[in-house]
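There are two complexes below, and they share chain A, which is joined by chain B in the first and by chain C in the second.
And now, the complex of A and B:
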């Protein structure tokens, strides 16, 4: 075995070890699934979407225990969850962590009166009507599910956001994914409920 | 689901005729219309509103002459006296859109079940499933299904006109059939807000673009299953009933003008028209 071949072999062994042992270990730390929901099935490895500022979801969710709907406030009352206005960020970050480079970049945007051009990560095609509000009503409000744990419901389609920095698409969000969940959880099966 | 619905229920598509459940669905709503042709002035406002609401492309004169116009709502003109170009009594107008038939002839012929009946009593067209066989259009007695022979996106909405497109429904591309939906996007919004307020839908929650734009209120839209809705009252007043056609029923009063177009074809249309009254006949 030549040196380069040996190197290649070592690399492949290492890569195998990573994929076989390390990655499953991280995905094992999945969110608990709420008891009243049969979760949709499907995995997806989304491309990394570069954002103007690398917003750390993990810091906000894990360390600060901020609810998803504190920032994505429209989720419970409209079709889209919404991205918070810069003023909402600045509500905290006028005072907090102002020495960090990412916050300084945010402050720059704020002082210029501009919003960071956030990129959409979870996007369904234009011919699909998806309403966050209806799903929150069914699985949280109507089910008397504690709003503090809403990330478990959000996580069914958005994955474990608390383990991500910038949000990544980890669920396929295709028609099969939606329909299997609709069938399992007694959602509507009429084409025109979702297709427009 | 819709495919199984069609396969399971096709055999009794026109059976069970005398019962309430005529057709093949447990309806939640049955949206319908009442159009008074005596009030209609043929101004085309409904058609224009439909173009704006439903992202309909303007195809241009050449395609229009080839019969490839995409007007979901069109005003048909009829002349009493065919020899005169401008007869004394003028034209009669009839706004013609998809009649959302209860026993629609377009539905069973679709090879891929892209058109089906919704629990709202509408004939739905699922654009993503449509393969463009055009069988439905050929089977429609009203000729109200329109096929996208071309892609009109570039020509019909050049920048910045594409900003005017309605985001609540898709822009159809070449190769799919499309038709009037009774403004399903508006129905969807009304249903959502009714659910938010934890109530049933009431008459007036939804108004279609054509009915909204009509300057003379000739078009009344509503749920015919709701006995108190305006459209139900109009249907009742003019003695038009849902269900199969057996024979032409005599009206109790000569002044009653209600009828459904091609009722005798037994397609159970959801649109009732009120005949025009001529001055000479009064």
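And now, the complex of A and C:
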């Protein structure tokens, strides 16, 4: 076994250990819930979705302390939070960690002029209109909630992303989940607010 | 659904008893079956987005509608690079931000699954996909070797720079054979306006009128510029409410909106107009002096005679005359059911006479305003050009024929022999988006971009007083790699004939240069070469300029209207191939939204149907849904009966637009084509197809099918729409202040 192969083996053993033991434990560890929000209730045990690049949310959020909305910049402007444009990834990764295989794969995409085809993890049916913008406005902007802690708000529906590599669905995101939260937090109750 | 959840009777009743949100929510926690499982759909981010692009937020771009030739301005919503919604452009003086159902469904033309996606050439007996290089090489060879007089170009209405390029191609080839063909047109109205008022396209001021008497002009749906007209009509109905009287054998959308709907015997509208004129002049209600000679001529249309010919009660005719005099300013219009006759020109002239004697000329009919650049002005389609083209075909006059936005094999009456005549043409080229009847007969099919993938400029023929050029810009990248813009093909072809065109790599480059070189009188003084002028045009979508105002001089003359004798024949009915906002002349039969929209008057959905009066149907022992054979001298069709009171007893109406033999999955083999069995009768003066002059025999078959119809009854059963009480009564009974 060459040194690099050995290295790779070790990394994969470590990754396995993280997946098998550490992750379940961390995903159960609750994020602090913002005081002004009564959190929605419900759990979902999502599948692991393989992505074209094994994007490490934990590395970016936990280690690098990058705000959710630095990359998912559309969340406060649009119904969808959006996947960051590849140009945004390359903004940092032209310089940073260029020796890592995942970054090399990303650079390959960039040089071909293509974006990776990510698999959707969080989605609601087409007859449901969900707006990130409205939720950010209510729970962050209007509540004077510090934007640097926004992951606590995002986490209510997306779980503890900082403990995941690629995102996993850990909340049911079905109507009961939504409506209970709307009732608890004085959200709109009209059918057409979501079904329009 | 409730797999694994056991509910016994008692707990079920308990659940019912609970009520309230708790129970209602119980079902909401079920995993939604349609919820997308994780990882099944893809989401692709932008590579490097423009600054203003936000996923999920639409950006609206200005463009122009090409669903009919009215040329309304559009705004298209684009999200994540896809055009999703079309609305009217508020900056367009034509449609003022409004649009019709055909405009709205432009997205279904664009996203239609039956588009032609690659050039095709006839090899042996079949059309086979070829490369653009091969297609253009063959096209160049054919066009440069054909002698000018043996080249023909068949299109719909054309305007703007597309029209300029078409004329250029024709002149380079040395041909004068441009046939602009539209089944739905206003040619006869324009011819009569030109002859009697001295102005072919006067501005019609619905808003200034107090009473509108329309002889079959369906101005709210198919006449001139429907969306524009509807806006003006709304003004006419606001304030002091104008009165609308509609004379026509089959109720149109405009007829449905009228205060008085008058079904004169088909083909007798001219007589009715002169009868009304006679009452007006004999009672001295005319607003303009009428010479004694005209009075004498009119006198022969006395009430009894007119009543007998038209079948309209004398009291009703008198009422129309007095409405014109009392509720003026008057406006009198003539549309297809009146002018679509062998003596259609005379009928329209009789109608125009009413305008003249009621003083409408100069009040509700104003001088035309035309676009100052003639080369860009609209070249309007008509049916006399179809007649000329069909004649040319039967005389074997053409070797190379281009078809653009035109499908005569479907829409021309079969008696004209267009389909068989095309066999004599050596090389037929169809520039088209869809595999329609004409395209499938062609030797070369060139797939076009959709209107929302293409560039263009449009100058509408009728603009209601403004002089505007509307810009068509692509709202999104073409869906298919192998489609091209009409202008791109024309530029590529012209480059083969003229070195001068080689400087333009594509139509965009040509358009950009042409706009840059626009003279100051077109741009309203703005410097066209300036980048900001082009950007402004992209942003607004319209170039408003100062038009050239025409002048009106009225000529008083009594037309020699015919009195049709055919309708007296009790065994035949007049066939009305009615046009409607929706399928139009058949070009929108491949749009599911328009196919599923019920007819505005008969409320029938899908398929074809034949509208018949209850009395006529009873005489023939027909009921709704019975399949009848409708036979003219030129052919026959079969379709189901829809009984309605909104038609004259002597007429049968089969809406045009259905009965395609080709044209994609939604249009193909649906219904019957009423245009195909029209007799080749033409207006003797203008050469326009007399669409309302075909007599048919109707016979019962043994077949029947369920008539699909919205609403079960045509009457209100004595009930009012909305129960109302007067304010006084409310105060008394409810104790209000």
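Miscellaneous remarks
Everything that follows uses one rule, which is that the second predicted complex is superposed on the first by the 168 of 196 C-alpha atoms of A that agree within 3 Å, B and C clash if a C-alpha of one lies under 4 Å from a C-alpha of the other, contacts with A are read in each partner's own complex, and residues count from 1 in each chain.
By definition in this document, a residue touches a chain if its C-beta (ideal position, glycine included) is under 8 Å from a C-beta of that chain, and two chains touch if they have at least 3 such contacts.
Everything numeric here is computed off the predicted structure, so don't read it as measured data.
Look at chain A after the overlay: chain B and chain C clash there.
In the superposition on chain A, A:137 makes contact with chain B only, not with chain C. By the touch criterion defined above, A:146 reaches neither chain B nor chain C.
In the superposition on chain A, A:120 contacts chain C only, with no contact to chain B. Considering which of chain B and chain C touches more of chain A, the answer is C. Of the two partner chains placed by the overlay, only chain C lies in contact with A:86; chain B stays clear of it.
Judged by the touch definition given at the top, the superposed model places A:195 against chain B, while chain C stays out of reach. Within the superposed three-chain model, A:180 lies in touch with chain C and out of touch with chain B [touch as defined at top]. Taking the listed stretches 62-70, 170-178, 188-196 or 242-250 of chain C in turn, the superposition on chain A shows a clash with chain B for 242-250 alone.
Residues common to the contacts of chain A with chain B and with chain C across the two structures: 77.
Those residues of chain C that touch chain A in the complex are listed here as 21, 25-26, 28-32, 34-49, 54-57.
Only residues 42, 46-47, 49-50, 74, 77-80, 82-87, 110, 113-125, 168-169, 172-177, 179-180, 183 of chain A touch chain C when the two sit together in their complex. Chain A meets chain B in the complex at residues 77, 126-127, 129, 131, 133-134, 137, 189-192, 195-196. Those residues of chain B that touch chain A in the shared complex are 1-2, 116, 118-120, 122, 124, 126-129, 167-171, 184-185, 188, 192, 195-196.
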